[in-house]
Structure formats: C-alpha cells, structure tokens
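In what follows, chain A forms one complex with chain B and a second complex with chain C.
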Partner chain A sequence: MPSVVPALEWLEALAWTTAIRESTWGYPLVETAHVASIVAFAGLVIMMDLRLVGLAFTDAPPMQIQRRLFPWQMAGLALSTATGLLLCCVDPLRYYGNVFFRVKLVLLALAGVNAAAFHLTTYRRAERWEDDPQITATARLAAGVSLVLWSAIIVSGRFIAFNWFD
Partner chain B sequence: MMKTKIIVVLLAAGALWSVRSAQAHHPFAAEYDVNKPLTLTGTLARMEWVNPHGWIYMDVKQPDGTVRQWTVETSAPGQMSRRGLKKNDFVDGMPLVIKGYQSRKDPTLANGRTLVLADGRSFYIGAVGGPNDGADR
Partner chain C sequence: MLLLPFLEWCEGLAMSQAYRESLWLFAATQSLHLVAVTTFVGAISIVDLRLLGWGPVRQPRARLARSAQRILLWAGLAVLATGIPQFTVNALSYSRSPVFVFKMCLLAAALVFTATLRRRVAVADEGRLPSWVPRTVGAVSLALWMGVTITGRLITFYG
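Here is the complex of A and B:
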C-alpha cells in the first residue's frame, strides 16, 4: 500500500498551511472556532439524546424537539468539520502520527454510522414513537450510544495535545 | 451495544498498534524533570516557529569534541512574539544559549525557559505550566 506520508509532507509545505502554522493569531483563532463550534454542536446533540433517553423535556414529543434543534446541530457540525479539516491541513504529519487523533477519527466514523442508522430507520417512524415501545427502545439505544461516542470524541480530541505514545 | 463496544476496542487497539513517532506537546511535569536544569551553549541548526509549541534544534559541542544535536521545546509563536522575539531572529548557524530543563526519558530533549542571543538580548521562551523558577520575569 502506498504511504500517505509524501502527500502529507506536500500539504505541510504549502505556503498557506505554513503561514497558519507559524501565525500569531491565525492558528489560535481556528482552534478556538473549532472548540466553540463543537460546544454548540455537541450541546444540542446531547440535549436531543437526553430527550430520547428520557431524561430531559419528557413533556414534549421528541419529533418537536428534534425538528427545532436539527438546523442548529447541522450548523455546528458544518463549522466544526470545516475548522477541523483546516487544522488537519495545517499540521498533517503531527496528527497523522498521533494516537488520540486516530482514535477520534474511528469514533467519529462510528458516531456517523450511528446517527445515519437512526435517521434512516427509527427517525422515519417517529410519528409512532408515542405508542410503540419497540421504537422508543431503539431510539433510546441510539441516543445512549451517541452520548457515549460524542463524549469519547471530545475527550480524545482534547488528548491529541498530550501525545503519550511517541 | 456489546458488539459496538467490541468494535470500538478493536479499532482503538489497531490505531494504537500502528501509531508512529510524532512530536510531543504535553504538561511540563509529564515530560520534563524540574530536578535536571541545564544550560546549553551551541549553534542553531534549525528553528521551527510553529503552533502549538515551537522547536529549536541546536548543535552542542561535547567535552570530547563531538557534536550532539539537542531539541528544545518553546512556547507558541504568539507567546514568543509578545516577549519581543521574532521568527527572523533565528538564523541557522548563529550562536545561542538556552537555559531549561532536561526531558525525563529523552537525553537530547529539553524544555526551553530562557534564550540568550549573541547580542546579549534575553527572552523567556517557556510555555505555560513550567516550574516557578522566575525565568518569566
């Protein structure tokens, strides 16, 4: 299998990635925007998950809550993904060799599969949530998995800064 | 749920297994030994003026005449700029003196605290979390 390292070295040597990597304000601003958008996204996802698990807003139908939160969740996801990709471009070799970064990518993929599975199956039958215990149980499981995964993603993301295995 | 857990553990183990070496960035005490202060006198091989921490590579002549290259971790470009240090203050081959602390495990890695240039100017280059040794004043 050809190594991705030469491509990452090329990316690292580009003028604009070098400029951000060596900047006084650019890098801290991108990093801060990344964290702020994760806070917005994860906070809204956690509130939805807590509703599905049955711990928050139980007096309102899940559909009503999800319909309101969804656009804001997507806005947070878009900004955190964009800033995250930018950070990867700025210092690709550092992230490539970082174990917590790899763990985070795997967890992100799992969270993506979990969310997609939920939205394509259980969520489609959401009108019947109120009176179908089977659907309620499936939604609760998806929400529980989501809570665990997003928490782990935030922890592994923070730990990228502390490379224990170099 | 159980299946998901197993997959997570397997994938995480795979990621751990395949990890390669990379530059470090960490709290002071985890990497550096406050009981191993040192002063390095040598010439600049290369400076990486990068976030989140910079890196100074310097050649230090040993008592036996051989040259050993040290890696010195600095604070971020923004922090060094605020102290008046600039990227182009670093010219490959220039003489420099660095006071800092040695790594716990890597014999040629140090945490830089004070940088002294050939013209006598002295700068604090330590990152947040270092020992309270007065280097930042």
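Here is the complex of A and C:
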C-alpha cells in the first residue's frame, strides 16, 4: 500500500503552511478559533441531546427547539471543520503520528454516522412528535450515543496536545 | 501580602502533589473541564440565542431560562471541580500570568452579569421590555462567556 507520508511531507513544506507554523500568532489563533467553535457547536448539540434523552427542556417539543438550533449548530460545525482542516495542513506529520488524533477521527466518523442515521430515519418522522410528547426510544438512544461520542471527541482532541506516544 | 502564603498553601496541598506526580491526572482533568465548559456554554447560548430572537422563539423565554438553569448549575459545579485542581497545582505561576488574571476578571464579570441583569431579563414578562433590552443582554452574555472560554484556551499559549 502506498504511504501517505510523502504527500504530508509535501503539504508541510509548502510556503503558506510553513509560514503559519512558524509565526507567533498564526497557530494559536487558528487553534483557539477551533476550540471556540467546537464549544459553540458541541454545546448546542449537547442541549438537543439532553432534550431528547429527557433531562432538560422537557416542556418544549423537541422539534421546536432543534429546528431553531440547527442553523447555529451547522455554522459552528462549518467553522470547526474549516479550522480543524487548516490545523491538519499546518502540522500534518505531527497529527498523522498522534494516536489521539487517530482516535478522534474514528470517533468523528462514528458521530457522523450516528447523526446521519438519526436525521434520515427518526428525524424524518419527527412531525408526529409534536402530537406525542413521548419521544421514541430510537431518538433517545441516538441522543445518548451522541452525548458519549461528542464528549469523547472533545477529550481525545485535548489529548492530542499530550504527545506521550509520539 | 496575604496572597503569597495562600498560593504556597495551594501548591503544597496533597491534591496538588498527586497531580504533579501523575502523568495523566492533569490531562484527564483538563479534558473533563473542557467537556463541562462546553455543556455550560451550551446552556448559556441556547438562552442567549432566544434573547437575541434567534433561538427557539416559540418557547417562552422564562421557561427556557429556568430549564437551562439546572444545566448551568450542574455543569458549573463540574467546571469548578475540574478547574480548582488545575489552579492549585500551578497557583504561583498562574497568579503571575496576565492571561489567567484577565480570564478570572472576565469570569467574575460574566457571573455577576448572569446572576443579576441577565436573570431578571430572562424571566421578565416578554411584553414588558422593549426588544432591544433582551437583545443587548443576550449579546453581552454571549460575548462575556465566549471571552472566558477563549482566554481560558490562551492561558496555555501565553501563560
């Protein structure tokens, strides 16, 4: 199997990635924007999940809440993805070799599959929730899985900085 | 000065020693701090978006705010429980860090604002206030709490 390392070496050697990596402000600025947008995004996802598992906002129909949160969640996701990709471009070899980065990618993929499955199935039938305050067990399960996954993603993301196994 | 003995006492605590000797304890605490902060900011921002007129507008403001308050309390306790050991381990160096001191000032301002003005506005009768009042309060609250989050992250870079 061909290795991706030469491609990552090429990426790391580019003038603009080198400039950001070596500048005093560039890297911390992008990193901080990444953390801030994840907090904004995941915070609103956690609110929706807490509603679906029945721990908060229980007097509000879930759809009324989620419809209004959705654009903000997507804006946060877009910004955190953009800044995350930028970080990967700036320091690709370090991330590639970091075990916590790999764990985070796997968890992100799982969270994506969980969210997609929820949106394509349960969420589509959500209209009926408005008449029926009893939330379906599937929605509750998806929300519980989402809470666990996003917490784990935040933890593994923070752990990338502790390069114990590099 | 009274501060120095306190800072030395913090660093000498058995808990602080344990953190210094462990490789993973500090890392785990910081990560959980971040999860707790995310939950806290989520409960803040859902109400702030509503105050701004952009959140779940079909929900009465007061009801949304009261429900969010329970999350704020629990997440706030978790933020404290994971934040205090981080401080005691590095009490001396943190007290000399301008970014840390700035974060604490911002945090104090955010707490006072949230417990007083924001709370009164969130539970007030919606017809009673002109719309610029909740909008301004929501915007200030979001700015303060995102400011606390961002300066918290910057401690590691410019501590």
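As a working rule, the second predicted complex is superposed on the first by the 160 of 166 C-alpha atoms of A that agree within 3 Å, B and C clash if a C-alpha of one lies under 4 Å from a C-alpha of the other, contacts with A are read in each partner's own complex, and residues count from 1 in each chain.
Convention: a residue touches a chain if its C-beta (ideal position, glycine included) is under 8 Å from a C-beta of that chain, and two chains touch if they have at least 3 such contacts.
Note that this is a predicted model, so its numbers are computed, not measured.
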Clash or fit, chain B versus chain C on superposed chain A
fit
Report for A:Thr32: first if it touches chain B alone, second if chain C alone, otherwise both or neither.
second
One more residue to check, A:Leu107. First (chain B), second (chain C), both or neither?
first
Could you look at A:Arg68 and tell me whether it touches chain B, chain C, both or neither (first, second, both, neither)?
second
Identify the partner contact of A:Ser151: answer first if only chain B is touched, second if only chain C is, both if each is, neither if none is.
second
So in the superposed three-chain picture, is A:Val99 touching just chain B, just chain C, both, or none of them (first/second/both/neither)?
first
Taking the superposition on A as described, I'd like to know which of chain B and chain C A:Phe162 touches: first, second, both or neither.
both
In the superposed arrangement, does A:Met47 touch chain B (first), chain C (second), both or neither?
second
Considering the aligned complexes, could you tell me the closest Cα pair distance between chain B and chain C in angstrom?
5
Once the complexes are superposed, what residues of chain A are shared between the chain B interface and the chain C interface?
28, 31, 161-162, 164
Which chain B residues qualify as touching chain A in the complex?
1, 4, 7-8, 11-12, 15-16, 18-27, 30, 49-52, 76-78, 81, 87
Residue ranges of chain C touching chain A (in the complex, touch as defined):
23, 27, 30-32, 34-35, 37-46, 49, 54-59, 63-64, 67-68, 70-71, 146, 149-150, 153-154, 156-158
Of all residues in chain A, which touch chain C in the complex?
28, 31-32, 35-36, 38-40, 42-47, 50, 56-60, 64-65, 68-69, 72, 151, 154-155, 158-159, 161-162, 164
Of all residues in chain A, those that touch chain B in their complex
21-25, 27-28, 31, 90-91, 93-94, 96-99, 102-103, 106-107, 110, 141, 144-145, 161-166
